[in-house]
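One structure below.
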Amino acid sequence: LDYNEILWEVAQTVEPQRGSGKVANYIPALAEVDPMNFGMAVVTRAGDRFTTGRADRPFSLQSVTKVISLTMALESIGESFWKRSGREPSGDPFNSLVQLEHENGIPRNPLINAGALISTDVLVSRYGRDGAVEAILQFAQELADGEPVRIDPRVAASERETGFRNAAVANFMRSFGNLHNPPDDVLHVYFHQCALEMSCQGLARAMLYLANGGVDPITGRRIVSERRARRINAIMLTCGHYDASGDFAFHVGLPGKSGVGGGIVAIAPGQLSVAVWSPGLSPQGNSLVGTMALEKFASLTGLSVF
Amino acid sequence: LDYNEILWEVAQTVEPQRGSGKVANYIPALAEVDPMNFGMAVVTRAGDRFTTGRADRPFSLQSVTKVISLTMALESIGESFWKRSGREPSGDPFNSLVQLEHENGIPRNPLINAGALISTDVLVSRYGRDGAVEAILQFAQELADGEPVRIDPRVAASERETGFRNAAVANFMRSFGNLHNPPDDVLHVYFHQCALEMSCQGLARAMLYLANGGVDPITGRRIVSERRARRINAIMLTCGHYDASGDFAFHVGLPGKSGVGGGIVAIAPGQLSVAVWSPGLSPQGNSLVGTMALEKFASLTGLSVF
Amino acid sequence: LDYNEILWEVAQTVEPQRGSGKVANYIPALAEVDPMNFGMAVVTRAGDRFTTGRADRPFSLQSVTKVISLTMALESIGESFWKRSGREPSGDPFNSLVQLEHENGIPRNPLINAGALISTDVLVSRYGRDGAVEAILQFAQELADGEPVRIDPRVAASERETGFRNAAVANFMRSFGNLHNPPDDVLHVYFHQCALEMSCQGLARAMLYLANGGVDPITGRRIVSERRARRINAIMLTCGHYDASGDFAFHVGLPGKSGVGGGIVAIAPGQLSVAVWSPGLSPQGNSLVGTMALEKFASLTGLSVF
Amino acid sequence: LDYNEILWEVAQTVEPQRGSGKVANYIPALAEVDPMNFGMAVVTRAGDRFTTGRADRPFSLQSVTKVISLTMALESIGESFWKRSGREPSGDPFNSLVQLEHENGIPRNPLINAGALISTDVLVSRYGRDGAVEAILQFAQELADGEPVRIDPRVAASERETGFRNAAVANFMRSFGNLHNPPDDVLHVYFHQCALEMSCQGLARAMLYLANGGVDPITGRRIVSERRARRINAIMLTCGHYDASGDFAFHVGLPGKSGVGGGIVAIAPGQLSVAVWSPGLSPQGNSLVGTMALEKFASLTGLSVF
């Protein structure tokens, strides 16, 4: 497969749609991003890299970071994590409290906000409030292997100012005893985690371990066990796009995780990781053009797991 | 009607049940209360007072205060209050978030926690954070007409420490734009309001205006218009006991409001107000023996509105 | 009180709104009714009758009959009825299945469709399928004391043809074991019951026993015990208007029951019963002008129970 | 890979658990099945077959047939099918009505009961009531390529007698206009479809087209397009095990569909199809030992798509 050509064709295909969708506007730093941005990067298991568009422009990872904190939380407390979070698709929007109430404060899965707050809480228990922010940043930097990674303090501050829904979720889980630290501490870390920034290149590079059975194929470093890598992929496939997860599986057929910054990372197990960025969102909060691009990519490469 | 004899018979009837139910244990100050306590007081429109048991012992009013803050909120912003709260029974427990999510942050009625937080928010907008606490205390004291009224700071502090569910509700409504002040400020006032203490005598005296078309029959002071008094009574009847409101109407047949401190106040429009206190609660959070006492009282007096 | 004058003033007040609201259109027999119809009738405990508008024109009672079948079911099996139905406001539309699923097939109250199907099922168990239709008709005729009462077979047939939601509810409750007879039999009786027709005069006359402690004040016949009459009134007040029950209590302040045929009956305990008919409905399925008329009536007479 | 050895090891692994779980008992024909039964069959794309246990014993396919009727419905009306059903995991039990009410009668996906009734309805529209039963049987027989396939009329009759929940679902969707035929006709076909019987051998053989891009690799016959085959697999992975779909993806990592008869079929795209049968069920209604067997199988073969 000639990935340069494939990415070129993908870019051509989505070009007429570029700019469509609705840019997240709940915080200024996201609202100001030009919707015409589009970038995409592939990193293969062999370490080859291919890009198109603004693949080196950093963007706000937002919920894409839920895969990073899940990985860290699983490494911290192992399978006992699953006593505090399910791993079923939620069938609900990303920030619903209904399911939490019906199921005693146990979130459906770690890729919705409630579940990601559990991951964060695990990290606060381990590293403390400020230590957890530092640990997440450092882990992301290690994964990115030299690609730039930073936390935008302005974004973190904005998240905090508008994050009443997340504060509701955190307090609600705390009321069920499923948050072990003060909600404000967990939210502090969570908002900083959401404010992580990478480019498509960095993101695809960082997630490569999930395409290679848990081992970073370039550094040779084992990040997670093979079994855990497969399981994280499974959760991304069933839960990675909120209440459009089934649709993403249907159209793209790859494990993936989206964020309201317009980024999506997807994994072709055994082959490659691919990241795309386009800020306009679907009503479910997933990158509209990014999803199209990945659908075209999966179709051209035949990399769907199905 | 000889109310002394009636109260005596009521007390006799509930005596075998005294102490039953489960005392609220989420905060120490409530958990320590002796479940054997029982008191009851009637104040008629003519100003006559009748009591039985520990009718002069102050207890934590808790949700009974929702009627007080509703009255104040309605006087502050009038009927526009109903843009921010419904007046339908919720069919849900007192602290459910499900309905809030389905109805965009508009609580079903002002006598569940969410709705009472709206009342409180209105008062914070008007009086400021500390001013609102002061205003509520002062209004309660005026209504009580010399009967002791105080806020127990230990209770308020405990409510705050354990009030994660209320914090969730406040943040959730704020996320929908239906809270105008910072959740922490509104919660501060709300927790102090819940910590109001009166005796049965004081409570029955304070609520007498609702039995007299909005005018305090003893002082002659108009508290609310006749129409508003009727409407507050209507809301108490349909919504005053959470998801046991229908049952209270069925068994007692009077507008009433309960609190987890074990108090209930009920209104016989045109006749009297009656307050009862017994700390043991039903699974729905209403005083078990207090409800029995009011059922017997309504049966002996024929005062049911139906 | 001069009820002739009061009814005249009520009619004047609603005149500009006459015809507003949306006539039920799910079956032809209802859809064809002229929305400009308006009638109202009062029958006092003393037997005096007052009317305005088309108070002698029969209309389809629809859900108003739920009070009749509840009365019959309670007389059949007594308080054990409450093992099969709650008596709490539902907080949901009249035909919701959500609550049934969450509460194992036990309807919230007997005045929503699900609960009324329980009443009907009780009658099928007692009288058989055809016998139950006959028994309901006969009981309604006795209550109406000579005023015309009939079942419109065309309406019953139409209900059946379009009654998929009710069929869903009946089958659903049967799946929980809370329906004892074949769903088709229960639905047959239910659809015939809904097709009962009376005029405002007949309806107000028929329900008079609820305004007089369970005894028909004109014939002297005891229909239900005083206690049961009060309780039926309590249920009407808290549950009689679906998810607008709180609003009806707030604005009118009388126990009442509405039907999609545009009729409402209301009870002023100890005083009178009043029926109104105007086919245009509110979004919640209650007569729009009928509710206005009752609000004005309650305001002019001061008969609100609050 | 030596599949004989692998199946032998799988059988050894689950042997201590054989008989665990709870056999479906809502109809006699299922309740009578010996819980100690266990069978498993693999058919590879090359046409090689491997079995262990009672792989040739026919069992009731039940919900496994939802994949067959979905395939037929998609071939009948193409992508317009997705106007009448979603393709998102439901997050609810297989027979919930809650989601249907909140989403206007559109089922979440075609592998829960509600969605499968839509598939059936499509076939009734095309073939008529009796023709649809015949068409489903014939299609299943073609897929099974000589392996025995029959409909057990006793099971179909039992399903009908106890199928009140399904009748509720069908009537409910009809009330939203999302069922085009009389509920009784659709239910007739649905209950016969559920009563289809095959052995593990037959089932694995029949589903082989999904492991080979839509073409039966043995007969060379194209059943569905490659794209549709992938998409059906995607839906099986995200939705094939009700509210344990995420767990199946997590543990097994293969598209699969279970039935309350204790059967599960799973697809390793590009490789093979595998069927397992063990009647004891998990609380979610999926074969307990069957799921364990598939987890072991996936682990030994490394065939997880992740």
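The letters A, B, C and D name the chains in turn, as written, and every chain counts its residues from 1.
Following the convention adopted for this analysis, contacts are C-beta pairs under 8 Å (C-beta built on N, C-alpha and C of every residue); 3 or more make two chains touch, one makes a residue touch a chain.
As the structure is a computational prediction, the values presented were derived from the model and not from experiment.
Taking the mean Cα position of each chain as its centre, B sits at the greatest distance from chain D. Judged by contacting C-beta pairs, the busier of the interfaces B-C and A-B is B-C.
One finds 55 Å separating the Cα centroids of chain B and chain D. Put simply, the C-alpha centre of chain A and that of chain B have 47 angstrom between them. Chain centres here are Cα averages; for chain B and chain C they lie 32 Å apart. Those residues of chain C in touch with two or more other chains do not exist in this structure.
Contact topology of the protein chains: cyclic, one closed ring where each chain has exactly two touching partners.
Applying the touch criterion to all chain pairs gives A-B, A-D, B-C, C-D. Contacts from chain B toward chain C in the complex involve residues 86-92, 99, 108-109, 229-231, 233-235, 237-239, 243-247, 249-250, 253, 255, 269, 304-306.
By the touch rule above, chain D contacts chain C in their complex via residues 96-98, 100-102, 164-165, 167-172, 174-175, 183.
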